[in-house]
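As structure tokens, here come the structures.
Two complexes follow with chain A in common, the first pairing it with chain B and the second with chain C.
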Partner chain A sequence: MQGEQQLGMKQHIRKKRTLPKRVIPYLLIFPAILFVLGVLGYAVISGTLLSFFRYDLSYVDKPFVWFDNYIYLFNNENFQNALVRSLIFVLSSVVLGLILAMSFALSLYKVKTMKNTFKGLALIPYLVSGIATAIMFRFMFSSDVGLVNMVLASFGFEPILFLSSPNWAVFVTVLANVWHIVPFSILILLAGLQSIDNELFQAAEVDGANKYYVLTKIILPLIAPMMGIAMIWLSFASFNMFDVVLPLTGGGPNRATEFMAVYMYNVAFTELKYSLGSTVMVFILLFNVGTSMLYLKIFKASE
Partner chain B sequence: MKRTLKLVTLMFLILTMVIGCSNNSGNAGKTGDTGNAESKGNAGNTGNKENVVETPEEVTVRVWFGREDFIPGDKFDSFHKQYPHIKVETDVIPLEQSVADFMRNYNADNAPDIFQTYHENVFTLGNQGVLYDMTSEYDEWKANDPVSYNNLMPQAFSITSYQGKPHGLAIHMGPRWNVYRSDWFAEAGINPPKTWDDVLDAARKLKDEGHLKAGQYGFGVVVGADNAPNWFQSQFQSMGGEYTESGLPIMDSDAGKYLINFYQTLMREGLAHPETLAWQSGEMRGAFISGNTAMATIGDNIFPIINKDLGPYGEKWKAMEQPARPGAEEAGRPNASSWVMMVSKKTEHPDAVSKVLQYLSSTDIVREVAHRYQPTTNITVMTEDAYFEAKPWQAELEDAFGRAEFVPGHLKHPELQRILLDLMQEAVANPDRPAAEIAQKYQAQINVLDQ
Partner chain C sequence: MSSQSLQKVKKNVSDNLHWIPLIILVVWTVFPFIWALSASFKTQTEVYDTPPSLIPNSLYLENYARVFTYPDFWTFMLNSVILAITSTILAVVTSVIAGYGFARYAFKFRHVLLMIILIPRIIPRASLIVPLFTGIATLGLLDTRIALIITYTATAVPLATWVLAGFFQAIPRALEEAASIDGARPWQVVWYVIIPISLPAILTVSIFSLRESWNEFPFVLAFTTSSDMRTLPYQLFMLRESMGMQDWPMMLAFTLVTIAPLLILYLIFEKRVVNGVVSGAVK
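Our next item is the complex of A and B:
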């Protein structure tokens, strides 16, 4: 009995000693959490609450309307158009972005001399502002003086009206978006590649494995978690993309490139329907959370 | 998992409480009315010359201009000398963002005292109750300085009025004219167009007879998705387009269908640039200035640039009142817009605000802006010889300027703009679709705005 009491005392003392140690990490991370919640949390919660009211500058009162804004949106032709086009835009950007990011990451992995210089160069598009990217692509794809049409003309092709044709405009926005956001994915995938034990490659080489086999059986399975993160980044950045699309196409022609973030901007700040804009914000948030969870689940399973 | 959920729920609740409390405290802290009353008294004293011996209260008036060009050349230097106790701080918030930015700052008790916006937004802002009624300040102005007060056109006050009371001042108003390449017209033997049919005929002739090189087009229009349909509305007015009593354009009308058909014809016959659907206002203006478009609808404020870049007025280019719709010559009206200076209801210094507005509209100050940028509601400036020298086209357009009509405002003006933009885009993207069908489709959407 006494022995049990002594043991209990010892455990209590150990607990007391280890408690501060266990608390320290939480204390250290607390300012960061506070900062994120203060900046983002406030906006998200405030926006979510706003989505249940009718705050529209056409009306004086701001009544609580339950889910009316959500019901209105899902029955709205323009929202449906923005949703479908956003999904096409995100899917195209993720597929193209992942292929390009993987190719560049593998190339950078193989580079032996001036590796850091090339890494820095690969990051430049990400450091260029979205508006600058948009203006660059607008010039590149303009029908009169655009570089792309000049090249096409030199091969005898008729100029393509990239920015005034709905499908071509989507294509150009996907390219501009991918150019802008892919560099960060390259870094993520490169980090994954560099974490693979080199002995695995050597063993594969000894066993006579070809490059395709190395890629599909060693590289891809081992960097699957990183691919998940890269995909989260690509889809999240694409779904939220605004600063490239607005100056590039303004959401046109005929709302062809009015993706979700641009639609949210137009509803909230052009039509001055703040609650409806907040409702779109909630939808974008839920979409991003859902997609991220899905990716993480898939890649965790494959891991 | 359960602990994480509990933690997240707890944080959510804490944040909700924080937001709730901050809103309450914000409201509790709002002393706008008291502040207005107190400061109004103080500011009133500063305006009274008999009391100048007493040290006037130092006040700061924040002004948002919609474009940098509207800021007077002396940047308030003479104002600060005259009123050393009033400090004016300026910022440039684009007209397109003015309402959204103002409302956000207004709700955060950080709104400027004066801000510039499109005149069409007065209804929306007035309806929200965020504008200051300047009636008593203007009565005082009229009593103290009737010369400068009466030197402004009546529209300077009326266009900023909501429920019959002025809430700001329209210092500048600008019409949109039809510009054309007079040298090309002379070369092709074309007379200046009198109707919009003449515009199409002129564009056809220039194109068909080889007067235009590759990359040059007959007429330039702005249809891009990121534009306000201001040019479109000005053309609608010139075609005799009518508005409902509430201020909505009647597109399903002869004028509306004619306008839609005009845009469709431009695209169908290759008379406008094929990428018009993606054009922004800068591209349309640039096309005319760089010699790639023979005609366009352009605002008076751009003329000084054209005069500088394309050559002196009358040599290569000329301006005229926008043509009329054939058969509706009497119904056509020249169009004008105003970029009004509105006063925030939360201003604590209405008297100082009134003085700032008087300074901005005073002849010496507004003359400099009007000569290089937008015309003004200041009668002296608009009628003196110096203006006609600075803007040589004014002599020919003076009469039309006097008849210019503002686009009516509507409570749901922002939504209306989106509908008209969609209409323009659909017309240009589908040049073969019957204009009546397009007019009918969008009229139904416009009608909803009155419900």
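Our next item is the complex of A and C:
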């Protein structure tokens, strides 16, 4: 009897000691979960819900409209324009960005003198805000004081109105965007290059392989997965780019640079159609989920 | 020339071929800054000079003087500093605690909870402005610093937690066990053992978060209305909008002033940060 009681007490004490210990990890992660769910989770869920209602300033009540917003969006020519423009923007940014990032990463990998200085330098645009980037590029490509036009003029060319001609505006936006997002992809590629076993190069040298052979037969196949990741990262960043585009062109001229994120902003805060803006958000998120799945697939395949 | 020396030249050339993209890289990266810097020391008429010169006629400091005396400039600066520092501290503290929890404890739903923290990494900040705007409006928090601090912190936590949890996991448990045998309490173990070892990772994560909050633009654009709440990037955007006849030298001086603090911080910690970012980037 006494023994039983003691046993019971012992169990009780053990229980008391182990209970808080089981709670500790939950307590530790609670603040992080609270921030993430409270802000990001809330935004995703309420935005998705909002996309099934009609909510804008012209309506007093908030009727449930099923998929009306989605149907409206897909038939809307401004949305179609934003989609096509975004794809052009993403494609050109990825092609140009990957070429630059790859040649920069290879040269940073190869260089011996001041390697860290060059590496540090390459990362600098990553720290600059999208607006600052936009303003520096606006200045270089402005029609009257822009350096590019001054150089063109000195060769006897007519000045180009870069930011008021639709095609040139896309070109300048791509350039500024690539300047802004390339540093991060250099890092991804550099990490891939640095993980290549040095013995491979030595073996190739012993076999008398030339540089071209080393590049195409050893380096490129080995960092192909990292190139895939860099590519997806570039397309991800470009598809969602807002900070550079809005201050650079404001989406113009004539909606030529109204890419998805800028389109969403204009729908929600210029036209004040919140539920339609949320519908665009859902579309952007689905696109991102798609790209991320691809990312994971490539990453898994590389392991 | 003998064929041997020709081969030598050839080898020399091919050994130094990487300098071509490297020089392009330096020019490509630095030129926009140099050009902006040069223009920021020019007078308003001087920028129209053809041919343009890289070196200004004189060291004209008036543009910077006008930036620093611009109405409410110091308010914007203070707002930027407050938002960047508070949200970074909040995010880093939250992430250190959570990262430790994920790295050292096995618990129910650990995987699910980790996913909840990680998945938002694929959500770009700008895409959330619409629902967050309506939510913040409902709470009556539009045009407040609190709304910005909370949203900045929330967007910084996922990446920070992920990087820190990975770093903590790589620290051998033996270190902590040794400390707890010596009678250290759990929080002492974290404070005196884990945190000092993890300083490089914490520094990297802090720079990530500072970069995000210092440069943040869509949230401050959507959630604030009064000039009291403006930050430097937002004011830069307004400056660009409001100038009919563009005052380029002053605007570029303003641009460079907003870039400078982060750049200086980065140059101080460069070595550690670059390596930290490289390993953080791939995750």
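Here is the rule we use: the second predicted complex is superposed on the first by the 253 of 303 C-alpha atoms of A that agree within 3 Å, B and C clash if a C-alpha of one lies under 4 Å from a C-alpha of the other, contacts with A are read in each partner's own complex, and residues count from 1 in each chain.
Note that contacts are C-beta pairs under 8 Å (C-beta built on N, C-alpha and C of every residue); 3 or more make two chains touch, one makes a residue touch a chain.
Since the structure is predicted, the reported quantities are computational estimates derived from the model, not experimental observations.
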*With chain A superposed, do chain B and chain C clash or fit?*
clash
*Does chain B (first) or chain C (second) touch A:Ile29, or do both, or does neither?*
second
*Return first, second, both or neither, reflecting whether A:Gly41 touches chain B, chain C, both chains, or no partner chain.*
both
*After lining up the shared chain so the two structures overlap, which partner does A:Phe269 touch, if you call chain B first and chain C second: first, second, both or neither?*
both
*For A:Asn76, is the partner it touches chain B (first), chain C (second), both, or none of the two (neither)?*
neither
*Counting only touches as set out at the top, which of chain B and chain C does A:Ser278 meet: first, second, both, neither?*
second
_More chain A residues in contact [chain B versus chain C]_ = C
*First (chain B), second (chain C), both or neither: which does A:Ser107 touch?*
second
*Does chain B (first) or chain C (second) touch A:Asp144, or do both, or does neither?*
both
*Which residues of chain A are in contact with chain B in one complex and with chain C in the other?*
37, 41-42, 46, 142, 144, 246-247, 268-269
*Which residues, counting only chain A, touch chain C once they are in their complex?*
22, 24-29, 31-33, 35-44, 46-47, 50, 55, 100, 103-104, 106-108, 110-111, 116, 118-140, 142, 144-145, 147, 150, 153-154, 179, 183-184, 187-188, 190-191, 194, 211, 226, 229, 236, 240, 242-243, 246-247, 261, 264-265, 268-269, 274, 277-278, 280-281, 284-285, 288-289, 291-292
*Spell out the residues on chain B that touch chain A in their complex, using ranges where they run on.*
11-12, 15-16, 18-19, 97, 99-100, 103, 124, 127-129, 215, 224-227, 274-278, 280, 411-412, 414-415, 417-418, 422, 425-426, 429
*Sort out for me which residues of chain A touch chain B in the complex.*
37, 41-42, 45-46, 49, 57-58, 60, 142-144, 161, 163-164, 166, 169, 246-247, 249-255, 258, 266, 268-272
*Touching residues on chain C, where the partner in the complex is chain A*: 14, 17-22, 24-26, 28-30, 32-33, 35-36, 39, 47-48, 50-52, 94-95, 97-98, 100-102, 105, 107, 110, 113, 116-117, 120, 122-124, 126-135, 150-151, 153-155, 157-158, 161, 211, 214-215, 217-218, 222, 233, 236-237, 240, 246, 248, 251-252, 255, 258-259, 262-263, 266-267, 270-271, 274, 277-279, 281-282
